[in-house]
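Two complexes come next, and they have one chain in common, chain A, joined by chain B in the first and chain C in the second.
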Partner chain A sequence: MYSSLVRLQNTFGFFTTVAFVVALLISASDFLSPRTPTVNVLKTTQLQTVKGRADYYSSKKEEYAIIKFTLDADLSSLFTWNTKQVFAYVTAEWPSAQNNNATNQAVIWDTIITAPSSDHLGNFSPSKLKRLRKSANGKGIDPSRGKLQLKNQRLKYPLTHPTGRLANTEDVQLKLHYNVQPWVGFLSWNQAQDWGKWKALKNGLSKKFTLPAIKVKEQAKKKTTRA
Partner chain B sequence: MLSALGNPRQAAAQLMNFGLILSTAFMMWKGLSVISDSPSPIVVVLSGSMEPAFQRGDLLLLWNRNLFTETSVGEVVVYNVRDKDIPIVHRVISKFGTGFVIPRQWWLFMGIYNNDSDDTKLYAPGQNYLVREDIIGRSVVGYMPFVGYVTIMLSEHPWMKTVMLGIMGLVVVLQRE
Partner chain C sequence: MAEQLLEQARDIFEGQIDFEGQKLVENLVNISLSIVGVRFYHNPLFQQTALTSPQAIAFLVGYFLQDIKLAVYIGLAGTAATFLLTVPPWPIYNKNPVKWLPVAGAAPPTNIVIDEKMLR
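On to the complex of A and B.
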C-alpha cells in the first residue's frame, strides 16, 4: 500500500492539482481588474485606389487600396500581472452592396505589445530588445506601453477584395480591435459589450469613407510633371 | 503482482479499474467535444509560428460555436487544410462573402506573427480560401502554457511512448486496493 511508487504517484497527483488550482485562480483574477481601453482619434489621412500587384507574391493585377491613418488610443489598462501581450489591430470593414448578409472585413495593420515580462519571447532584434528592456526600467508591468500613437501610418497588409474590385467602395470604416493574451487563462474576443469590469471599446470606429476611383500611376505621374 | 495473478478476482478488479480510467478519460474528452462543438476541443501548439503568443507545447482550449457572435477577423482559430489532418493555429486576416445560419464564407488566413504573409501557400492545391467547415475551433478561449509539451515529447521520441505505457500498466497492475 505504501510503496515508494504509490507515494510518487500521490505526490505527482497533488502537484498537478495544486498547479491547476493556482492557474485557475490566476486566470480568475483577470476578471477583477478593470479594462477601460479608450480611443481618442482614429481617422484616415490618405485614401487612394490603385490597380496593380498588391504585394510581391500576388500573381494577378487587381485593385488595392492605399490608406494612411492616424490613431491615438490608450490600452494601458489591459496590462496587468497576467498579461503576456496585447495584440492590437485595425480592420477595414464595409457592408456589401448586393447582399445584405455579406461581410467584408480585413486586417490592415497590427502590432504586438509585449509586457516587459515577455519581451524575451518576441522575435525582436537585439537592439530593440535592449530598448524595450530599458524602457521597462526593471518593472514587470509597464502600462505606458499600451499608449498607441500613430501618425499617417501606412497599411501593413494590402487591402484587396476577392473580386479584384475595390474602387468606389462606399461606407468603409476603420475599426480598432485588441486581444489580450494572458500568461494563463481565458481569451476574450468580444469588445463590443461590457463584461463586468471589462468595458466595451468606445469610439473605436472611424468615420465612414468612400474609396476613391482608380488613379492610374502613369497619369498621376504626368499630372505632377505638368504641374 | 504475483499475488494478483494468483487471485483471479483481484486481477479482474484491476482490469476493470484500468478500463474505467480509460473510459472516463474518453468520455470527458468526448463530452468536452460536444459542449464546444469541436472535434478536438483541446490542441497542443506544435510550431512556433504564433510566437510570442503561443509557444510549442502550450495547451489551447477551443470553442467552436457561434452562439452570439459571428467568427470575425482577428480571432485566433484552429483550422485543417483540406486532405491534411494537421490542425493549424493562426489568426483570421480577412473575411469576405456571405454568411447565414450555417455560414459558408470566404476566408483567408494569416500567421501574423513570424512570417507576415498570408497562409494561402499552406493550403491544398486549388484551395484559395477556407470556409467555416474547415475551422475546428472558431477561437481559442483558454490558454495553459507548457502542459502539452509531454505529447510533443511522446510524438518526437516514440520510445518514450512505450516506456510510459509500460509504467502506466505496471502502476495499474501493482496497485492493490
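On to the complex of A and C.
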C-alpha cells in the first residue's frame, strides 16, 4: 500500500471479491421470496386439422393443427428485485404414436415478460415502453406483470409433425411453462414439485383432447391460406 | 532543473505514504468496500463500522426496497468514493514519517551539503 499504483490495484482487487460476494447474496435472496405461480384457466377453444405446406416452395404436404386456446395465469410471484425477465411458453404435448414411451412436445406460443428493471432492454415500440413504464410507476416490481390473460389465442408457431401426420392424434395436452431469468444467479424453470418456498406450477396442464380429422378438400384449402 | 521537475513528477505519480498511513489505508479499503463478515473479523471495531459500508448498504437497501438498479448505483458510487479516499496520497497518510537515525561514526562534513533532509 506504499504507492498509489499499489493502492489502486489492491482496492480494485478487493472490490472484485466484494462484488462477487454481493452477487452471491443477491442470487441467494431469491430463495427467500415465495413463488406461487398458478394457472386458473388453460383450455382449447377451437381445434382443427388442415393440410398445408411449410412454405410456398415446399413440395411436401403436411398436416397442421390449428388450435385456439384460452389462458388465464398468474405468474406475478416470479418477479422479485433480482428478476430480469420471465419467459412464458405454452407447449402441446402428446405421446408418440409408436408407443415407445416418447413424448412429442412443440412450443405453440410464447412471450417475454420484462421486469421494470429491464424494460429498457426489450425490443419494444416507444408506445409500449411508455405503457410499461407507466404501469411500473417507478417501482422495481410491478404486480400487474406476469398476469397472463389470453382469449382465443391463435398459435404463434405452426404445429405439425416430422411424419406429416397429425390428424386424429389422441391425448394432446397444452402445458404452460415458464423460465425465470434473474439479473444474477441461475435460470430456473417451472418445477414438478415444491422446493422450499418455491411451489410447483398448479393447474399447468389442459385437459386431454384429440385433434379432429381433416375436413373436406375445399374447406381445407381455404384454411391453409389463412394459416 | 529538468531532473528536479522529473523527481517531483515521479513523487506525485508514485504517491508514497508512510507505514502508519499504509495500515490506515488497508483498513479503510476493507471497511469501506466490505460487507459484514468478510475479511476483517479480527478487529471488533471494524465489525461495527462495516455495517455502514457501501456494499452492505447497497445490498440491504436493494433488498428492502426491492430495487436492483438502486443497489448497483449505491455499490458503484461507494466503490468510486473508496478509490477517491484511498488512492491519492492524502496528507493524513503521511502524518508519521519514518525518523531515520543519524549516520553513525564520523560527523558529516559541514562544508558539503548533500541533502538537507537526509542528514537532519
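Quick notes
Throughout what follows, the second predicted complex is superposed on the first by the 201 of 227 C-alpha atoms of A that agree within 3 Å, B and C clash if a C-alpha of one lies under 4 Å from a C-alpha of the other, contacts with A are read in each partner's own complex, and residues count from 1 in each chain.
Definition applied: a contact is a pair of C-beta atoms (placed from the backbone, for glycine too) under 8 Å apart; a residue touches a chain by one contact, two chains touch by 3 or more.
Keep in mind the model is a prediction, meaning the values are calculated, not measured.
With chain A as the common reference, the superposed partners chain B and chain C fit together side by side.
Once chain A of one complex is fitted onto chain A of the other, the partner contacts of A:W183 extend to both chain B and chain C. Look at A:P162: by the touch rule set out above, it reaches chain B but stays clear of chain C. Taking chain A as the reference, the larger set of touched residues comes from B, when chain B and chain C are compared. Judged by the touch definition given at the top, the superposed model places A:S3 against both chain B and chain C. By the touch criterion defined above, A:A28 reaches neither chain B nor chain C.
In the overlay built on the shared chain, the residue A:V18 is in contact with chain C alone; chain B does not reach it.
Between chain B and chain C in the chain A overlay, the least Cα distance found is 12 Å. Once the two complexes are overlaid on chain A, the chain A residues touched by chain B in the first and by chain C in the second are 1, 3, 5, 183. For chain B in complex with chain A, the residues that touch the partner chain are 51-53, 55, 68-70, 72-76, 91, 93-100, 105-106, 110, 112-114, 116-118, 129, 139-145, 171, 174-176.
Interface residues of chain C, counted against chain A in their complex, comprise 13-17, 21-22, 25-26, 29-30, 33-35, 38-39, 55, 58-59, 62-63, 65-71, 75, 79, 82-83, 86-89. Residues 1-5, 7-8, 10-12, 14-15, 17-19, 21-22, 25-26, 29, 80-82, 117, 139-141, 183 of chain A are the ones that touch chain C when the two sit in their complex.
Taken in their complex, chain A has these residues touching chain B: 1, 3, 5-6, 9, 23, 27, 55, 57, 84-85, 87, 89, 91, 96, 99, 101-107, 110, 112, 114, 118, 121-123, 156-157, 161-162, 177, 179, 181-187, 189-190.
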